[in-house]
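Shared between the two complexes below is chain A, which pairs with chain B and chain C, respectively.
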Partner chain A sequence: MVTFLEILVYGAVQSSVYAMLAVGFSLIFGVAGVVNLAHTAFYMVGAYLIYTLFSLSGLNLIFSLVVSVVLTGIVGILVQHLCIRPLIKSEYSVMIITVALAMFFQEVLLSTFGPVDRNLTNFYDATYKLFGMVTIDAQRLLTLIVAIIIIICLWLFIKRTKFGRAIQAVAQDREGSVFMGINPNRVYLQVMFISACLAAIAGAFIAPTLGARPHMWEHPLVRVFICVVLGGLGSFEGTILAAIIIGFTEVVVAFSLSAYLGELVAVAIILFVLCVRPTGLMGRRAA
Partner chain B sequence: MRSKTIGLFVTVLLACFFLTAFTAHAVIKVGVTGPLQKEAGIGDKNGAQLAADEINAAGGILGQKVELYFVDDGARAEVGVNAAKKLIYDDKVDVITGGWLSGVGLSQSQHIFDGKKLWLSVGPATPKLVNFVKQDYERAKYFFRVGCVNSDMFALDMIIFARDLYKNKMGLNKLAIMPESSVWAREMGAYLEKNLGKEGFDIVYMDVFDPRQTDFSPQFANVRKSGAQILFTVQAAAPGVPLTKQWADTKLPVHQAGYSLAAQVFNFWDKTGGKCMYEVTQCINGGRAPITGRTIPFFDKYVQTFGISPTYTAFGCYDALYLLKAAAEECKCLPTDAAGTEKMIKTIEKIKFPGTGGLIVFDQYHENVYGEDGKQPVWVQWLGEKKMEVIYPFKWKTSDYVSPAWIK
Partner chain C sequence: MMNQLHGLEQSLPASPLHWKRFRAHFAIVILLLLLPVFVKSIYVIDLLIVCNVWAVFLSSWDLLTGYTGQISFGHSLFIGGGAYTAGFLSFYLHVPFWITIPLGGCVAAILGFGLGLPALRLKGPYLALATFAASAVLHGLSAVFWLYSGGEDGLYGVGPLTRNYFVKYYWSVALMVVCSGFLLFLVNSQYGLILKSIREDESGAEASGINVTKYKLLTFIMSGFLAGVAGAFYGHAQMHVGTDLLSLNLSIMVVLMSVAGGMGTIIGPIVAGYLLILLNEWLRVIEVVRVLIYSFSVVLILLFIPRGIVPTIISIAETLISKIKSPSRS
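For the complex of A and B:
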């Protein structure tokens, strides 16, 4: 019983982290067809911004969070407008430039902060025992709660608001959306802003557990890709489902076999699913 | 007139020849490889630089200045191979030192043997490197493990420490082991698993972790359930921060000890926000203890110069250059050509050099000897900011061991 509850809680935490990161990536791909390999660089930028504002400068937590997220969102807009938009007709060029951007951000942060890990203070220092049995620290519990709220809000935003319907319209048919009076380029900018903000939130909440370092964008990019490909490129619901599958798989494997095998098993699952269903769990088939 | 011109031409030619011959080895070129963006590589670089500056200020080695060539191996095998080749074929160094990961060292080894360069290896701890000397002495004789002892000896030292402190003084014997997945750490894990039982320890949990792992919740849950009293981690490539922070944040009721490269440096306190308090780490090649008469002066000078405490690679590279100097003075030779290198090898094989990390003595396979007659690691515990107190060997301790506040 204890193990089951532990898997439930830790799996949820792990899945929420992956979901927060992957959803933004999936969103920009689904709407603009952009494979933004700088997505986890936004996660890194968000982590360093909250480090600078909250841990280093001692500013108010809420203020630091809001400023970090908004600033990262603005960086996302600039990236979209200046780097991606001119090359949007070539997906390979977009991939190349976004990787270059990620490395550029890495080098800027390396020059500014050095190679040493930077400590981010926990937003709240406490340890809890959920269900009286499962030990978890406050930071990760907060990450789980915030991730759930954000994902629900994002889903409602996309499905129930006018702007969300505009996003869906552009994602379904760019030319058709123009006839409906929607400006696709403006939608791309706004979606990129949301995507970068989501990555920054993930960075801000996860970094206190890990520390901030200039190479921290590399490993999560693999996870993000796995979630998005498994879920189906461009599928919001599919990405969430994939994040849950990957997160829980890793935790179950860590409990029963070894944490070292978690990634291997997750990749094996993906290969199996893609063999059976090449478009991913909820991806759309090509016409 | 014509004969005067010819005479002048020949004189100039001869002057150029002798000048070139004289300046050709006016320096000893020492190549330092290591991951220069990480703690271990920073230690390689700083230790070598400090030694080179001191040696050059005192007149060099047999009158020759030491010139350092730094190449980043990126902690990756393919980059390390290119680094070694650059040092050997482009920079044409006379000696190679430094290094960190055993996997990288193993990849570089054949190229360094091909280049016939004296290799005063500091970082890699895998016993496999010494096996090359055992199997083919003529090819691999250039290798000397200067900077540490091999991973089996680290592990043996861990067992002795655990026995003397945790078992004999505190009555604890249930142990969990978590090595990272790098070559040497797994070798150590295997040695610990095989031999801890002989000292009366019960290994109740063991798992390997990826250095990139960020969430230790499942493993810590298993550690809790296993009833472990002590957690031995073995980590160098892993940043150390997530594991330490989660140990403290979840108040895992185990005494955390083992080997953590990151925890040997002063900035670990800042990196973990002080959550490394009570963590214990083995310092496999020196700490602030009177290991030899050179240890504490080196430690203090290093801190004064660089603002951080030296890693084992810093001790190692510093010792490597001074070992080179001592050997050169003993054999009156330099490793700048094949004959000089050969003589140097024979000298180093017999040398007993008081390094900063202990007495440097080599066995017949060029392995650094472990023990009271060789190198002895020290164990330090974090007890405050920049306060890494030596707790073992007891003869050198600056503080008693302090149990984590949340463990009753």
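For the complex of A and C:
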């Protein structure tokens, strides 16, 4: 029973991080057709910014969170405007340049902070007992709560606001949205900003638990990619469902067998899905 | 991104083995063979061995992605597969290297076949993910069976090729020349033309009666075999196989360097292998920013000369030569 509840809680935390990352990745893919392999590099940049501002400089928590998330968003805009926009016609070129950028960010952080793991101070030091049995630290709980709030806000934002409808319009029909007076290039920039911010939030909140290091982008990249394809590229609900599946699978396997096998099982799932149903669980048919 | 044939190839006869076409290549090979006569530093020789092996890594990737258009972010699957096969055989069973290296290639070829099967149905981001995931499987397995694979440290004490550095150097030159010669011959033959047609228009190729499935699978197998042989050779040359040969970082470096050299030219990635590895070593003086400068320059190359370094230099040289030869016409 205790193990079951532990799996439930830790699986939820794991899934929430993947969901935050995968939603951003899926958004920019669905709208602009950009496979942004530098997405988890934004997650890393967010983690390092919060480390610099909050743990090293000892600034106010809310202030450093806002600054690091917005700064990462601006980095996202720069990447989109300077590097992706000129190549957006070719899917392969975009993938290659974003992976080059991810390496670039890795090297920038490696030369600034060195190859060692950096430990961050927790935002709030406490441990709770959930359901009277499962011990969980405040940081993980905070991550879970923030992720849920952010994802609900994002969903409302996309489905309910005028701005969100513009994003949906560009995703559905680029030419049609131009006739409606929407500038697709500007929408791409906005979406990239949101996507980078989401990655930065995920990075900032999980970093105190996992630590920050210059290779931290590699591990979630494959996982996030798996979530997005499993859910169907560009499908919001599908992506979250897939993040939950992958997050829980990993935790279940890690609890019952070994932490390394969790990774393998996730990869096995996706290789199977790619063979059987390449459009994912809730994806539309690729054109 | 996909290159057309550059002028040099068009202006010369179509026979794949016309010697004039390969004058420059022969010159490079002779230079490589004579190099140890002038260079006595073991450090430089060791570096050149790495360059030779990398040239095979990059050109075998180019056959798969540059020529056939099957984007692969998982070349470390083949390299690491070959290296670990050779490593296991040599470390546990003390099998001599002339058996383990071909066997490493064969295992990598089987892996190539295994990856090629699902890849037949996949395109674009899906294919990229499948290759990412496939290389993660092997990395994951090496972590799970750390007791046998040595985990992160890998296996130290793989049987050496030979104790003599210069003999080892000639082995590596032989490997490079045979592999890249084979690839150059291949892509200049009708086979290369078929691969290019698959890259440019797959359904068009199929409509013209080309068995796309067969050629794609064959390409996966050949690319895997060559990368596996090179990986196994690298393992023996370093007397060590480690998880760096299975890592995502290696796959990404292969992609970036080949693209910087010039995709779809075979010779571009080979030159890039030498250029960038040597550049890497010279920049070691400013150790901290070495890879930083290097990865940033790759971004710039992608943005401003997407054809790659080598094709651009060749076309600039050709324009200059034609201007010198006939100043009145231009």
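The criterion applied here is as follows: the second predicted complex is superposed on the first by the 280 of 287 C-alpha atoms of A that agree within 3 Å, B and C clash if a C-alpha of one lies under 4 Å from a C-alpha of the other, contacts with A are read in each partner's own complex, and residues count from 1 in each chain.
Please note the rule applied: contacts are C-beta pairs under 8 Å (C-beta built on N, C-alpha and C of every residue); 3 or more make two chains touch, one makes a residue touch a chain.
Just so it is clear, the model here is predicted, and its values are computed rather than measured.
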State whether chain B and chain C clash or fit side by side on chain A once the two structures are superposed. clash
Look at A:39 in the shared chain and tell me whether it touches chain B only, chain C only, both, or neither; answer first, second, both or neither. neither
Contact-wise, after the overlay, does A:274 reach chain B, chain C, both or neither (first, second, both, neither)? second
Classify the contacts of A:108 with the two partner chains as first (chain B alone), second (chain C alone), both, or neither. second
After the superposition on A, what does A:233 contact: first (chain B), second (chain C), both or neither? second
A:122 contacts which: chain B (first), chain C (second), both, neither? first
Taking the superposition as given, does A:83 touch the first partner, chain B, the second, chain C, both, or neither? second
Looking at A:10, would you say it contacts chain B, chain C, both, or neither? Reply first, second, both or neither. first
Answer with first, second, both or neither: which of chain B and chain C does A:263 touch in the superposed model? both
Which region of chain C runs into chain B, 147-155, 201-209 or 309-317, after the two models are superposed? 147-155
Considering each complex separately, which residues of chain A are in contact with chain B in the first and with chain C in the second? 110, 258, 260, 263
The answer for chain B against chain A in the complex is residues 37-39, 42, 181, 207-210, 212-222, 224-225, 239, 241-242, 245-246, 249-251, 262, 267, 270-273
Under the touch definition given earlier, write down the residues of chain A that touch chain C in their complex. 29, 35, 82-83, 86-87, 90-93, 95-97, 99-104, 107-108, 110-111, 215, 218, 221-222, 225-226, 229, 233, 258, 260-261, 263-264, 267-268, 270-271, 274-275, 278, 286
Listed in rising order, the residues of chain C that touch chain A in the complex are 1, 71, 73, 118, 121-126, 128-130, 132-134, 136-137, 140-141, 143-144, 247-249, 252-253, 255-256, 259, 288-289, 291-292, 295-296, 298-299, 302-303, 306
In the complex of these two chains, what residues of chain A are touching chain B? 2-3, 6-7, 10, 13-14, 110, 115-119, 121-122, 125, 127, 134-140, 206, 209-211, 213, 219, 251, 254-255, 258-260, 263
